[in-house]
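Each of the next two complexes has subunit A plus one other chain: subunit B in the first, subunit C in the second.
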Partner chain A sequence: MPHFSSQNISVEQNHVLMIRMDNAKIISHILKAINFKENSVFCCTKDGLKVTVEDMKSVQLNAFIEPGIFQSYVVKEEEIKFQLNLTVLLECLNVFGSSGLQSGTSPALKLYYNGHGTPVSILLEESGVITDCKIRTVHFDPVLDYDFGTSNVIGRIIMSSECLKEVFCELDSTSDCVQFSMSPDSANFRITTFGHSGTYHVDIPKASDVIESLRCTSPVSFKYKLSLMKPSIRPLGIAQKVSLRIDDTGLICFQFMIKVEDNHNCYIDFYCPADVDFEEDE
Partner chain B sequence: MKFRGKMIDPNCIKQFIGILGCMTKLGKSCILRITTTDLYFIVRESQTISASPLIWCALDEGHFFSEFGMEGLSTVDNEIYLEFVAENVARTLSALKVSGTAKSVKIKLTKKLSSPCLTFEIDLPSGTNHSRLVVHDIPVNLVPRRLWNDYLEPEAMDPDISVHMPQLRLMKSIVERMKNLANMATIHVTSEGLLTLTVETEAVSVTSHFDNLHVEKKSIGKEEEASVTIELKRLSNFLGHEQLNPQKVVCDVLQSKLMHLNFLSDSYTLQYFLPGINDQ
Partner chain C sequence: MKCLLDATSVKVLARAIHCLAKIGDELHIEPTENGLTLKTVNASKSAYSAFNFHLPFFLDFCHISENTIQADPDEDTVIKCKLPMKSILSVFRSIGSLEKSVETCNIMLPLLEALLIIEFKCKHGIIKHFNLRYFECESVEAEFCKSGYASKFSCSSRFYSETLLSFHSSTQEVTWSLAMDQVHLSNHIDDEIDPSKCVRTEVTLAKDEFVDFNVALCTQVTFCLKELRAILAFAEALKLDLDCRMEGAGQPVLFSLEKANLYSADFLLATLTPVLDSTATSSRTTNNQRKNYVSTQSDVSKHSSPVPVLRDKADSRTVSCVNLQTTLVPIVSESPCHTSRLDSLSLIEPQPFPAMEDDLDLEIQPPPPKRARARYIFQNCLKATQELRERPCEVFAPDSEGDE
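So, the complex of A and B:
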C-alpha cells in the first residue's frame, strides 16, 4: 500500500479500534443479512464485534463476529460504541464487486476508528487498487438490551435452518400472525398460520432428523406478527443451524449459526416479542 | 441513396452486435453515418458538446463487411446520414443474440411502405438444408444535408493529461457502488500515473486509487495534474460496456472541462466525451 506507508506511528496510536481482515467478504456477508434498516450500532469489546439493527423498539437483529475471524483485532477501551449507516458501510465493503463469499476475489480490509465524533475509516485493497472510505459516525441511540436469562426459557429447539427456511417460505402470507407451539406431551413442534383460506399447521416431529434437540418444561404457545418476523429470513438463508428459545413472556430469540471459514462460525440473533393483543388459543 | 453490406465472419458479427448494443443503451436516438470507408455511430443528447456527453464510434467497413457498397446523397456529398430510435433496434439485437451464430447478416437501406428502413437480413443455420431467413426492418429518418454539420467529427482535443485507463472490471464495480452513494465524482490524474476517483457526501467520502498507470501524454507547460467532476450515472452507463474488450482504453482529462474515454481496437474506436460539472 504505497500511499499509506507514509502514515506515521503517532497516527496509529490514535486508533481506539483497529481491525484487519484478508477477506472483507466475510464481514459483508454477515452484515448484509442484518441490514433490514439503515442504522446500526456497533459495540466492540475484547470479546468481539457486535452490530445491532433495531426496528421500532421491538425487533432486533444482532451480528456477532469474534476476534478469531479477523487477522488482527485491537480494542483499546473496554467498550467502544458508535452508530453509522449500515447500508453505506456495505456499499463501501462491496466496492470491488458484490459477488458471493465463495467467488475468487477477496479484498483485504483495514478498519479503524479514533473515538467519539470521528469517522470510521476503511481501507480496501484488491489487485493493487486501494479504496479508502470515511463513514460518518453519529452518537448512538440506546438499543434494547434483551436479556435472555436461561431461567426464563420455557421452550428451546435446535434444528436445521434449511428445514425452517422451507417452512417459513411457504407460510400463508394472508395470515397476520404465525404461532409456535410445543409441549412436553406433544410429539411435534407446531407452526400455525391463520389465513383467508383457513388454519394451517406444520408439524415437525421431535424425533425427526431435522431437530437436533427440543427441550420444553411446560406447554408453550405464542403468536408473532408475521410482518415483524421478516428480518429473520435473510440470516436464516445463510445459516447452517438455528436455535429457537421462547421465554415466559413470549419473547422469541432465534440464534443463527453461520459458517464462514473452515472452522469459524459467526452468529446472528433475532429477538421478537409475542403479539399479545390476541387471546391465546390452545 | 443506396447501402448494402454483408457480414459473414462470426467474430465480426458478434463485435458489431456488441457495439450496436452499446450505442442503443447510451441514448434515445442514434445517428448512423455511412461513408465509402467507414461506418459511424453517433449519440448526442443536445447540440452543444459542452452541455452533454457525446458518444462517437467509428468502424472500419473493410474489417467488418465481406461485401460493401454505398451510394451517398450525391457525388459531392457521398455520405448517408440516418437517424434511428434506439428502442427499435433492441428487438433486432435480441434476435441476433438469441439465434446463436448466424451464417451471415446483410444490412441494407430499403424502402418499406414508402418509408426508409435499415433492414437486417439474418441467415440462420437450420436443421435441414434450407436456410432460415429472419428479416428485421428498423424505421429510419434520413438526416437532411443542412444538419450534417451538427455531427462533425469532434476535434482532437488537447488534454492536460492522458493515461491508460486502469483495470476496467474493478473500475466498473467501483463506479456502480459510488453511484449508490452520490451523483457526482471527481477524477484526478497526475503525470506520475496516478488516477483517483472520489465521491464525497455528508455521510461518507470514498476515494479509489489506481497507481502506476502508463502516461500517454502530458501537456508541456501545464500543471502536473488535472481533475474534472463528472456525473456518475453517465460514467457507469459507459463502463457497462467494458466487455467489448478493447485493446487499449485511454482516459484524457482537460482540467474542469472534460473527461474523454477512448476505447481503441484494431477495427474500431469508441469515444465518450463526458463534460465536467462546475461546482455549485
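So, the complex of A and C:
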C-alpha cells in the first residue's frame, strides 16, 4: 500500500477534492475513451466525478465515475468545477506504461485539488516508484447541458455495443452522413449511408439477439454527420451495452455502460444533434 | 441476374475482386448461362483478367433479369454492366469481417432499377444492403486459345510466391528464360539504368520442381510482376496451382487457375517486345515501349497458334488491320463513350514486324521511363471522352442579364 499519508499532512486541510484509487488504470481507461479533444471540464459532486469533452458546441462526451469505484472520494464543496488538458492528464496517469485494464500491474493514484486557480496534483505509485505531477487548471468554459427529458424521446434501443461498433466501423466513409431510422411498423432498426458508390443500408431486426429492447412511439428517421459521430467509436469499443435515444428534435444520446471491476459500472454519455437541412427552413 | 452464395463462396468472390482490383480500375460483370464472369483490363491495356464462376459455385443462379412487377418474357434480358472497382471493393473490403459475420450473399441485377444490389445476410439476423450504381457497356473480350501455346508449365502458387521472394520488392519486371529442362528467372534491367549500379537477381527452377513441364520453344519472355503478384495472392490464399502458358518474346503470357468445376480464372499479360539488332534506334524505342505483341512470323515456330487479340466484340471489323499510328485518331473521334474499346497499344492484332517499325513515329521529346512513356504517347486512347477545347472569345449569344 502506498505511504502517502506521511507527506504533506499540513496541506491536506486545503484540499477541496481528494481522490484515492488503488488502480489508476480504471480512470485512465474511461477517460481515454472520451479524449477526442484536449480540453475537458471536470465536475465533482457528492454523486461522483463527471468529465465532459465537447466539440463545436454540439457534440459532447461525458464520463461518469461514481464514488464507489474510488477507495476514497472527498469533496468539500457542493460542486467543484475546473478545466484542464485531458491529454496531459492521461499522459501522467499512464506514466508507468499504458497497458490495458486487465494486464500488467496497477499503479495507485492520489489526486488533490485545492480550489480555483490551483493545479491538480497527482501522485502515482507503482512498485515503490512514486511520480508526482501537477497539472494546471483553467477556469472552465460553460458546457452545454443537454437536458434529455424522457418525455421527448421517440425512439429508444438498448443493444450490444460490440455489434454496433462493427457496424459503425464499416460504415461507408465516402458518405457525409449516417441516417438512423426506426418505426413501430418496421421490423428493423435501419442504419443508412449515402456514399459515392451508392446507398448502403444495415438492417438490424428488432427480434435479433443483439437488441435487448427497442421502443418506438412513432416513425423516426434522422441524419447525423458522420464526422460528428466519430467520437462515439472509442466508447463503443470499451462498453458492453449501449442505449440509443432519439428525441423529437433529432438529438441522439448514446449511453455506454462499461464494466470496470467486478460489480461496478461506469457510464459514458454521447450527445449529437441531427444534421438539419437549412434550405428546407428558408 | 440474381444469384445466391454461401459463406465460403462469398470469401472466394471477395478475394477474386481484390485480385481484379489490383489489375484494373473497372469491373465488368457478365452473367451467362453457365455462370458469372468478372473481367477487368488494366489502364494501359497490357493485362486482362477474367474470373469465371460456374453454376455449382452458387447456391442458386439465374442469368436473366426479369420484370418482377409484371412478368413479361419478352422483356427478359441479360444485363451486362461495369462499375468502378472502388465501389465494389468497398462492399467486399474486409475479408476478415466477411468471414466473421456473413452467412449468405445475394447479388442481383434487377431489370427495373439500374443498380447492382448486394445483400449480405449476417449473424444475429442483421442484413446489409448495398445498392451500387453501374454503367451499361459492351463486353470486353480477349480471344485466346489455351491449346495454342508452345510452352506450358504449372506448379503450386506457393512455389511461385516463394521464388518471387528472392526478388527485391521494388523489382517491376522479370524475364523468364525457358529452356528444355529449366526455367530461369532474372530481374529485368531497364536500358536507361546504369547496369553497374543495380542488383541482379537470378533464380533457376529445374524441370522436376514443377508439377507439369512442357517447353517446346526456348525463348525469353519479360513481363510485369505487379499483376502476377495479384494473381498469386488469390491463388495462394486458396491453395491453387497456377498454369503458365508462354509463346515467345512479345507474345502475351497466359496464367490460368481453376478449382474443380466451381471456378476458373485466366490472366493474359502483355510482354516486352524483343530487341532487334538490325535497326538500331527504332528497335531501341520499340523495346522501350511497353506495348507488345506484335507477332513475328520468323520468331515463332508454331505460328498457326492464334495470337490473342483483344477486341471490342461489337466492333470487330474496325480492329483488323489497324496499325498503331492510326489507332489514335479513330478512338478519339468515333465513340467517345465507348470506354471498352481495346484495340489500342498493347493487345492488338498482329502486324508483320517491318510495318510496325514505320509507324513508330515518336515525336515525343524527353524519354520518360518505359511504362510512363507508353501511357503518355497513347494517353488519348485511354480517355473515355474527348476533351473539348475552350472556345475562342467570340460570344454568339450574350447574357440577357448583366453580371451582378
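Following the convention adopted for this analysis, the second predicted complex is superposed on the first by the 267 of 282 C-alpha atoms of A that agree within 3 Å, B and C clash if a C-alpha of one lies under 4 Å from a C-alpha of the other, contacts with A are read in each partner's own complex, and residues count from 1 in each chain.
Going forward, a residue touches a chain if its C-beta (ideal position, glycine included) is under 8 Å from a C-beta of that chain, and two chains touch if they have at least 3 such contacts.
Everything numeric in this text was worked out from a predicted model, so none of it was measured.
S.K.: Do subunit B and subunit C fit side by side on subunit A in the superposed arrangement, or is it a clash?
M.R.: Here subunit B and subunit C can both sit on subunit A without a clash.
S.K.: Taking the superposition on A as described, I'd like to know which of subunit B and subunit C A:D203 touches: first, second, both or neither.
M.R.: A:D203 contacts subunit C only, not subunit B.
S.K.: In the overlaid three-chain picture, which partner chain does A:D275 touch, first (subunit B) or second (subunit C), both, or neither?
M.R.: Neither partner.
S.K.: Please indicate which partner A:D172 is in contact with in the superposed arrangement: first for subunit B, second for subunit C, both, or neither.
M.R.: second
S.K.: Could you say whether A:C92 touches subunit B, subunit C, both of them, or neither, answering first, second, both or neither?
M.R.: first
S.K.: May I ask for the angle at the C-alpha centre of subunit A between those of subunit B and subunit C, rounded to a multiple of 10 degrees?
M.R.: Result: 70 degrees, to the nearest ten.
S.K.: Identify the partner contact of A:C163: answer first if only subunit B is touched, second if only subunit C is, both if each is, neither if none is.
M.R.: A:C163 contacts subunit C only, not subunit B.
S.K.: With both complexes overlaid on chain A, does A:I135 touch subunit B (first), subunit C (second), both or neither?
M.R.: It touches subunit B, and subunit C stays clear.
S.K.: May I ask you to decide whether A:G195 touches subunit B, subunit C, both, or neither, giving the answer as first, second, both or neither?
M.R.: Once the two structures are laid over each other on A, A:G195 reaches subunit C alone.
S.K.: Scan A:E126 for contacts with subunit B and subunit C and give back first, second, both or neither.
M.R.: In the superposition, A:E126 touches subunit B alone.
S.K.: Could you tell me how near the closest CA atoms of subunit B and subunit C get once both structures are overlaid on the shared chain, in Å?
M.R.: Nearest C-alpha pair, subunit B versus subunit C: 10 Å apart.
S.K.: Take the contacts of subunit A with subunit B and those with subunit C, and give the residues found in both.
M.R.: None.
S.K.: Which residues of subunit C touch subunit A once you look at their complex with the stated criterion?
M.R.: Touching subunit A: residues 83-84, 86-88, 90-91, 94, 97, 101, 115, 124-133 of subunit C.
S.K.: Can you list the subunit A residues touching subunit C in their complex?
M.R.: Where subunit A meets subunit C, its residues are 163, 166-167, 170, 172, 174, 188, 195-205, 207-210.
S.K.: Subunit B touches which residues of subunit A in the complex?
M.R.: Those in contact with subunit B are residues 2-3, 85, 88, 91-92, 94-98, 126-136.
S.K.: Enumerate the contact residues on subunit B facing subunit A in the complex.
M.R.: Interface residues on subunit B, with respect to subunit A: 166-167, 169-170, 173-174, 177-178, 180-181, 202-212.
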